[in-house]
Amino acid sequence: MKFAIVVNEGPYQHQASDTAYQFTKAAVAAGHEVVRVFFYHDGVNNGTRLTTPPQDDRNIVDRWSQLANEAGLDLVVCVAAAQRRGIVDADEAKRNGKDAENIADSFRISGLGQLIEAAIQADRLMTFGD
Amino acid sequence: MGAIKKFMYVNRTAPHGSVYAQEGLEVALIGAAFDQEVSMAFIDDGVFQIKSGQDTSATGMKNFSPAYQALGDYEITRLYVERESLEARGLNVDDLMPLTWEDEDDDYNEKPSILIVDSDELAQIIAGQDVIFNY
Amino acid sequence: MLHTVNKSPFEKNSIRTCLRLARSGSDILLIQDAVYAAKSGSEFAVDMIEAARQHNVYVLEPDLIARGLSQSCLIEGIEPVGYDAFVELAVKNDSVQSWL
Amino acid sequence: MLHTVNKSPFEKNSIRTCLRLARSGSDILLIQDAVYAAKSGSEFAVDMIEAARQHNVYVLEPDLIARGLSQSCLIEGIEPVGYDAFVELAVKNDSVQSWL
Amino acid sequence: MGAIKKFMYVNRTAPHGSVYAQEGLEVALIGAAFDQEVSMAFIDDGVFQIKSGQDTSATGMKNFSPAYQALGDYEITRLYVERESLEARGLNVDDLMPLTWEDEDDDYNEKPSILIVDSDELAQIIAGQDVIFNY
Amino acid sequence: MKFAIVVNEGPYQHQASDTAYQFTKAAVAAGHEVVRVFFYHDGVNNGTRLTTPPQDDRNIVDRWSQLANEAGLDLVVCVAAAQRRGIVDADEAKRNGKDAENIADSFRISGLGQLIEAAIQADRLMTFGD
């Protein structure tokens, strides 16, 4: 079965990203396909590579990147939400005149259409928020 | 892809205090281009999103509420508003923006988009959806 | 003491807890989504009418107007104020408790 | 239909709205802070006992244990499940509604 | 600077679902070094922060709850817990972690830090604070 | 009178930063001193220079920077919260091995002690959160 996952909150502040990760991992382990993980609202903040969480805590961003690499996940950060919150890749930095970028490994920035498309392709849409 | 799906955008948060109403509306407007069967539900404080007369100027925030007027042009014409949520808040349909759409199959007559439904009806409608967006 | 509340009474318990723990005669300022608590005719209005008798209840007018409400919607005894009066309320009281 | 709820019944209205809008016989999964709704002996337990009669109510066990609760605290009829069963519930139902 | 102030950390959120409990505790522990008169209040779902037996291992999250045990060593010895909040949740003091402090003026006897107070008492205590931290 | 301000939520997602800004501006206009604005929890996300909000919307980050310059405000981002969320200045980037930094003009990163110190110095502590 095909799943699309939506994450609406940033790392650490709310449990949304944690539960979404555990669900995604379990779905992949059960042999399902996760067609896309879409990060919306403050969820875009899961896609920065600049976090340094305490060593005795989980690294939420790295964990997503690793799962994406292992399971071939498509991690998409919403461009409109990312612009409001400062998540930037090289293209976005150039377009918006920014002198730095911060996108994490295996994340990409794209439009809201990617969410709609994933919802159409997937058999189930799972939302994790506040 | 193939078959058309029933998409519902469920709005349960008040506007302005958090961004969910505004960014939720952005999803609905973008999603309209994808030719699915789309509706929206306004439940709990979500009914305040379509309260008439919003003016954010003194807060310095953006007033996105006029964008709900665009829903009809985007062919999002079924806006289910839960009667119990309205009543609990002392609101009635006259307190809401007069959101309408033009029916091209009926000589472009303007028709109301807002459909007041009670909890039991809304429960049935929600249960009949294929995809539900929550914020 | 100044109590501020920023959450809708229909969504969250913040204002109920505020009213349980504010001593009689407190200044209470409703901001952001808490301005809905100041609206007459809702199922929460009975509690708020009583609160407006026991306390000095204010509502932040910019947030009220942002949400399409106006002075004519307000429960009697609740006073709309601007940001300048918000500052004055904070000055006037010895401490501030934010019920989030 | 699968309904998920993630908020405490003492803090927010999410679970009350879920119970108002879930048709009889729904699957309801309590996750994150909503696991407190599954606890017996609280002032919300009466509503939840009734909900457990009308629906199939599950609680995410990792979240339950994280909060210092265990199966012995649960209202009768509420079943603890893991992440794998969460996935199975989503597969089994035609659609999912998240009450946030 | 000068006079010592009465600081109160008010905790109203459940642990783990959001970070406020954890990062709020970090403020209290850091603040202990500043020699103010410090207390904490646990109200609403905040009482769940000090529920005994928390084990986050199956969630992958950090279990910060043992850090409440450190409060006594940091001379934060007055933890007011609202009785009405406990009762509404079907909890009593035996469900909470046994948080204590050693009284150096009384032969280092271990004394309970948790003080169960009713709403009216707590209202008085809150009103007597100089600075209140909220999350 | 001296105020200390705490902002616990990021820009756009919640109104906390907006109300804090309007309050701070009004306090300054009334002749009061704002000894510090402390950004905690997701509030640290107010301190990134990488946002590009829509042109017809307010620019929350720039607005804080401008008010700080005009009124001589001390805008402090909590280091522990910032590390969890990826707000980084040059020093932090070096210390944590990051290849980029994103701190906005007039913001600085420092410890929680700065919050406690501000609360001691100020006559009133104002908290704006979710």
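The first chain written gets the first letter, and so on, giving A, B, C, D, E and F; residue counts start at 1 in each chain.
The criterion applied here is as follows: contacts are C-beta pairs under 8 Å (C-beta built on N, C-alpha and C of every residue); 3 or more make two chains touch, one makes a residue touch a chain.
Note that this is a predicted model, so its numbers are computed, not measured.
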| item | value |
| --- | --- |
| Partner chains that chain A and chain E have in common | D, F |
| Each chain counted as touching chain B and chain C at once | D, F |
| Most distant chain from chain A by Cα centroid | C |
| Taking each chain's C-alpha mean as its centre, the one farthest from chain F | D |
| Numbering shared by both copies at the chain F-chain A contact, with half separating same from different | same |
| Pair exhibiting more inter-chain C-beta contacts, B-F or E-F | E-F |
| Separation of chain A from chain B, taking each centre as the mean of its C-alpha atoms, in whole Å | 27 |
| Chain A and chain D, separation of their C-alpha mean positions in angstrom | 26 |
| Centre-of-Cα separation between chain F and chain D, whole angstrom | 38 |
| Chain E residues counted as touching two or more neighbouring chains | 16-19, 44, 59, 61, 131-132, 134-135 |
| Residue numbers of chain F (touch at least two other chains) | 8, 12-13, 15, 22, 41, 54, 57, 80, 125, 127, 129-130 |
| Per-residue overlap in chain C, given as positions that touch at least 2 other chains | 6, 10-11, 13, 32-33, 62-63, 82, 95-96, 98, 100 |
| Chain-level touch network, classified as line, ring, star, complete or other | other |
| Chains touching one another, given as label pairs in label order | A-B, A-D, A-E, A-F, B-C, B-D, B-F, C-D, C-E, C-F, D-E, E-F |
| Chain D to chain E touching residues, read off their complex | 6-8, 10-11, 32-33, 36, 39-43, 45, 61-63, 65-70, 82 |
| Chain C partner contacts - residues on chain F that touch it in the complex | 1, 3, 8, 15-16, 19, 22-23, 25-27, 29-30, 32, 124-130 |
| Parts of chain D lying in touch with chain B, wherever the complex brings them together | 1, 13, 17, 20-23, 94-100 |
| Touch list for chain D against partner chain C, complex | 10-13 |
| Chain A to chain B touching residues, read off their complex | 6, 8, 40-41, 80-81, 111-113, 115-117, 119-121, 125, 127, 129 |
